[in-house]
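Quick heads-up: structures coming right below.
In the two complexes below, subunit A is the common chain; its partner is subunit B in one and subunit C in the other.
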Partner chain A sequence: MKKQSEEKKYMPEISRREIDELRNAIKATSQKIIAENIERMKKTDINRPEAMQYFDEIANFFGTREKEIRTAKEKGKKVIGYMCLFAPTELILAADAIPVRVNSGWYDTSKLGDRVVPVEVCPMVRSTIGAKMIGLSPYLELSDALISVLTCDGMTKLGEILSDYKPIWTMALPRVKDSTQSMHLWNEEIKTAKGQIEALTGNKIKRKQLKSAIDLTQKATKAFRRLQELRKGSPVIMGRDAMLVNQTYMWDDIKRWTEKTEALCDELEKRARQKIWACPPDTPRVMVTGTPMIWPDNWKLPTLIEEANPQGVLVADELCSSERILYDPVGVDEWSMNDMLNAIGERYLMASTCPCFTSEDGNEDRINWLLNKIKEWNIQGVIYYVIRGCMLHAMEYMRVKKVLDHINIPVYYLDTEYTREDVGQMKTRVEAFLEMLTARVDL
Partner chain B sequence: MIMELVGEFLKLTVLAGLAIAGILVILIWKKGLATKVTYLRFVIQVVAMVAVFYLFTYPVWQLIVLIVILVIPIVLGRFFCGWLCPFGLYMDAITLIRKAVKIRYRNLPDKLNKFLHNFRYVLLLFFLIVPFILSLIEPPPSLDFATFMALLLAGPFEPLRILLGPLIPLIVPWAGPLEIGGLYFSYPYVQEVILYCNEVFSENFVTITALIFVALTVIGSFFVRRVWCRFCPTGSSIAILNRLKGFKWTPVLHLDKDEEKCTKCGICKRVCPVQVTEVYEQKGGKIMTSMCMLCFRCVEMCPYEDCLKVNLGGKTVFKSRNWLEPSEVE
Partner chain C sequence: MITVGIDLGTQSVKAVILKDGAVISRGQAFSGFDPAKAAEQAVGEALKKVKLSINDVDHVTATGSGMDMAPYSNSTISMMGADAKAGVYLFPKARTIIDVGAEEARAVKCDEKGFMVDFVVNERCAAGAGAFIEAMARALEVKLEDMGPLSLKAERASPINATCVIFGESDVVTLIHRQESKPEIARAVFDAMADRVSSMVHRLGINPDVVLVGGVAKDDGFVASLKRKLGVDVLIPEYPEFAGALGAALIAVSRVKETQK
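Right after this comes the complex of A and B.
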């Protein structure tokens, strides 16, 4: 019996040498890609804000932040990874641990994941499995435990597969949001997670700590919203840059991230006053919705849009890897433990527009989010981005299209894989769409 | 003679003070300092309580207050309940104490809450019917219209005065119904409780029932926010028009919701002191519910700019803001 529990349930046996070889090779390419991505972002926007320098540095997976977490860990701090936005980061922060999101965006590792799961599975899941097989992602390696929220089918099983290596805390997510019993279940899950975090870190989460953790995230939300508000007007920042800023939140130190984002916003405001734009103000304004795009490899769509000819600019998105990370604050009515926990629970469950939810009116919240963004951010066209294997996003396309057709906003379904091979073909498709948008602008 | 004059003078100063407070409130509002509606509401509640306390020394004013309670709601809805009612203030004060000692509140189940809300009409009907039943048991000398009106307005049970119940001040300058150690105490509805108990119980037991009633409401409002407001019969008279579809146009003061801006984060539902669910559930537009007492806590806490709006006569007087402070773009 004992032996069975020690045996790996899913993962194949790979020799030490092969792992090292693969890791070194992929790490080298990855570092090259990170540098190249940043270089291209610099090239697109000649007036790139200076404050972006910090985020470029943090964007390097194998750089300063990894070292920082390593030293913090040596001092006894715990690192808790999570795979979906639903993980209550406030609780992790309150227990004086470091939250990191460990979803993987590496194309090469998704091929390794094929050894464990079939190709039909979501490439992000495969890529995460592959990254774990060779120990590529520093944050995944450093985390002491993983919070796996049972959102989509891929995530549910991903947690199970990764349990070969790490302790996994599952949080069952109700698929219907607005009913008393769902809220009850989810609040209980939050309380359980609190207990688990306390047990791992050895720090009791008290009222004061939780309050200051909520304050921290609220400040981050404030800076985050400020950045998104700035993108409402003429483009002061390229969409890729903003996406990178949003995404670095997933592994950066929250306090420093907030400071740096505020500094970036200050700079952007100054630029807006001086009328220095990142690209011509009449560039078609595009929004992306659909599956997450994770740095560094899965960056091809934003790159294509903003480097295409005619050029487009991303001004908003509805991705759980970007704008949805921090849009909603925790609204606390009374600062009692109970109410704070309820507020955290509500913020994660109710405000989410993930397509894994349904209700009497379908996933109405997502439609409303899109409509609001389109109106407020003056969106001219929407790209519906789906990576093959994400059933939930693909299946919701028709509904979104119908609603957007109704308000005469073109929407384009773009499906792809975790691969670089279809970049040429995607380029043609994106450029055709942007061409159409420019024609509409001219009209 | 001198005391009377002093009394008159006091009343005048209170009125002047009220006027000043009113101006202050308007100034606070205009300056955009209304971000903390809760504090503003508290100030107004205190002022209203003091006002009611002094006004109650004039018997004629009671009638005027009664008329005000019955007429204002046609246009303002249950604004009175949220912002002016003294009993509401007592309950809010108890809530403050609970917050200070960091004890959590409890929610009533939504079904019970809805039932209590409808039960208030039964309560009111009961009090209005009592004099007629009594008149059947003990027929009055004549059965003309005037006698019935007298019974309704000033009969032994003063049925209409039940509507004034929540306005009763805590300590009364005149002989109150509850005497403890030479001091006259008063409390909302205690008069009525004593009156009805007198008919049933012996003398000694009356004070005890009154005290039990006080204890129940105090403990109740300690654990459940605004517990009495959920079935207060005064609120029924106030909200009845909001229930009728044909009268959708009547409330000049109401909440508007923008569906697209709402992400259904559920904050409005959680912060509501009387657990109104309509603000959350309704898809947008004018929010009409007789449960809402227009305290605007939901508007204050909604983190999405312009999602919830308070509309007064077609004008937006207060709206939800990004309370994480938005940036000032250009």
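Right after this comes the complex of A and C.
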């Protein structure tokens, strides 16, 4: 009989053979989809920036970045994975470990997740479970521990399910964002995470290391914001390309990512001066808000928008898989250890517009983000994107719609699943929405 | 000026011919396995009635789920855009157009020029659409066209849950086992459908006048249920199933005018 400690709490027993067969098949499909997505992005913008080539390479889950992390691990580096954006990346970097985000965008693995949880559960959660079941995600596999932040119900249980395979460090996230107790609890969670990271890596996080880690992410944030700023004017980059750049931050080497993003921005500025546009300047400007869209499979909506007839261009988003990743820098006044830790805590808690929160001041942060984007980025229409099972985003829709109706900005609620089969129906809706925006321009 | 609108729906293809913006002919064919061929038939039939050939046509605009397959097509318009255009053409005061077809229900909010300003579509489920009535008619062993008149004979309503065609059917079986009368079950079917459609319209906001188009608008049982649920009057044109094709043909007129500018 198996010892109780060896038995999995959630995951089914699958034979080695079935795991290998499934992984090989899904990996092959995924490689095809990655290549196909990139080809389509190249086709959409015939003047696609040359600097995108680097990000295309990093976007390959089974390529250079995987090898790089594997090599680093062999030399003794630790890899710390995380799901939600609240994991304190700076502490991971300060302990000389590699942070990687492991949320899965694979459609095929969500069907495997159905063996563990019901289909009503968020497909991103099901897909991550399925990816782990067959060992598909290199970054999830390479992680020595996972930081599981208790945001929504799906994420809370996902951490518990993954504990069948990996050490899980939970971080309790307060649901009331702006109360004194919340900040206090969260700062304590940050300190606990610091201890766990130090214990795993064997590296004590000292003031100097933490300062340089914060410095590193601040520089990344600067590059990141520069890229989003460049999307304010006539389109110099397609939304999908910008989204890919934003998203590769989740698993790339941060210093190199920053350099490459700055180089991309230089190229984009040059394009703007030469008036080389990624698409006609009068293309309807769209923003997406809602549940995350994870590379490579869940690239469905941005692809539809930018390949539609009439075409649209994504110039901004409010997604934790794209613009919310780095939008706010860590703001430090005094570079004391305590101050830095508090600043990190504040940056992760206060900057988030995740609908898992409510707040004492009326939960205005997400609305304010959207209104600011609409105004500054000159947005003509918003697509409110919800994957089935994302109860929190679905529930906040009416709130957002009422505000946008008030300022006469069309918003369309689009719900979908981790599946390729509904692309036809989604296309009908997206094209009708874009047609509506075009008609408004014509008037 | 001769323009043609083709609506390639999931169950049938409809064609409308306009001469200088007024309807002169209509044609229809079952979509079947070859919607493009069905569209040729529908257009051919409509042209034949008024002794015209495709060469006499200035512009063809296609709409419907199969619009990309449309023959002769010079341009396309979304189904929602076509609904808005047709709704306001038929009833100038129309601001909400509800279209219930075989596989999909949608509602469009529009302005006085027939431009849509907002829309909603039932969420990938046929329970709010015509296919639901068909499935339920089968369960009741009643002809599809008899469902409406039957439901109007019901003396009271027995609620069922139309979250999906399959579950709806098992709900109907429960009513059969409870020995409810056929008229009451038929009414339950329309009430459940109307419930879904009306909550969809409510999300958009109900702005009168409200117009109902699409094939299901011909079903008196559904219309009665929908009026009850919405609490407002619902206007229905003479040929509700041709609204999409009409909207497309009207769009074709403006596309011709655009090129003449």
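Here is the rule we use: the second predicted complex is superposed on the first by the 438 of 443 C-alpha atoms of A that agree within 3 Å, B and C clash if a C-alpha of one lies under 4 Å from a C-alpha of the other, contacts with A are read in each partner's own complex, and residues count from 1 in each chain.
The working rule: a contact is a pair of C-beta atoms (placed from the backbone, for glycine too) under 8 Å apart; a residue touches a chain by one contact, two chains touch by 3 or more.
Note that this is a predicted model, so its numbers are computed, not measured.
Contacts of A:410 after superposition: subunit C is touched, whereas subunit B is not reached. Residue contacts after overlaying the shared chain place A:428 against subunit C, while subunit B stays out of touching range.
In the superposition on chain A, contact of A:233 is made with subunit B only, not with subunit C.
With both structures placed on the common chain, the touch criterion links A:436 to subunit C but leaves subunit B unconnected.
Shared-chain residue A:329: touches subunit B; no touch with subunit C.
By the document's definition of touching, of the two partners only subunit B reaches A:337; subunit C does not. Of the two partner chains placed by superposition, only subunit B is touched by A:375; subunit C is not. Common to the subunit B and subunit C contact sets on subunit A is no residue at all.
Residues of subunit A that touch subunit B in their complex: 177-178, 180, 183, 207, 218-219, 221-222, 225-226, 229-230, 232-233, 265, 269, 272-273, 327-329, 331, 333-339, 342-343, 346-347, 350-351, 353, 364-365, 368-369, 371-372, 375.
Those residues of subunit B whose C-beta lies close enough to touch subunit A in the complex are 99, 102-105, 110, 259-267, 270-271, 280-281, 297, 301, 303, 322-330.
On subunit C, the positions that touch subunit A within their shared complex are 65, 76-81, 113, 115-121, 123-124.
Partner subunit C is touched in their complex by these residues of subunit A: 309, 410, 412-413, 415, 422, 424-425, 428-429, 431-433, 435-436, 439-440, 443.
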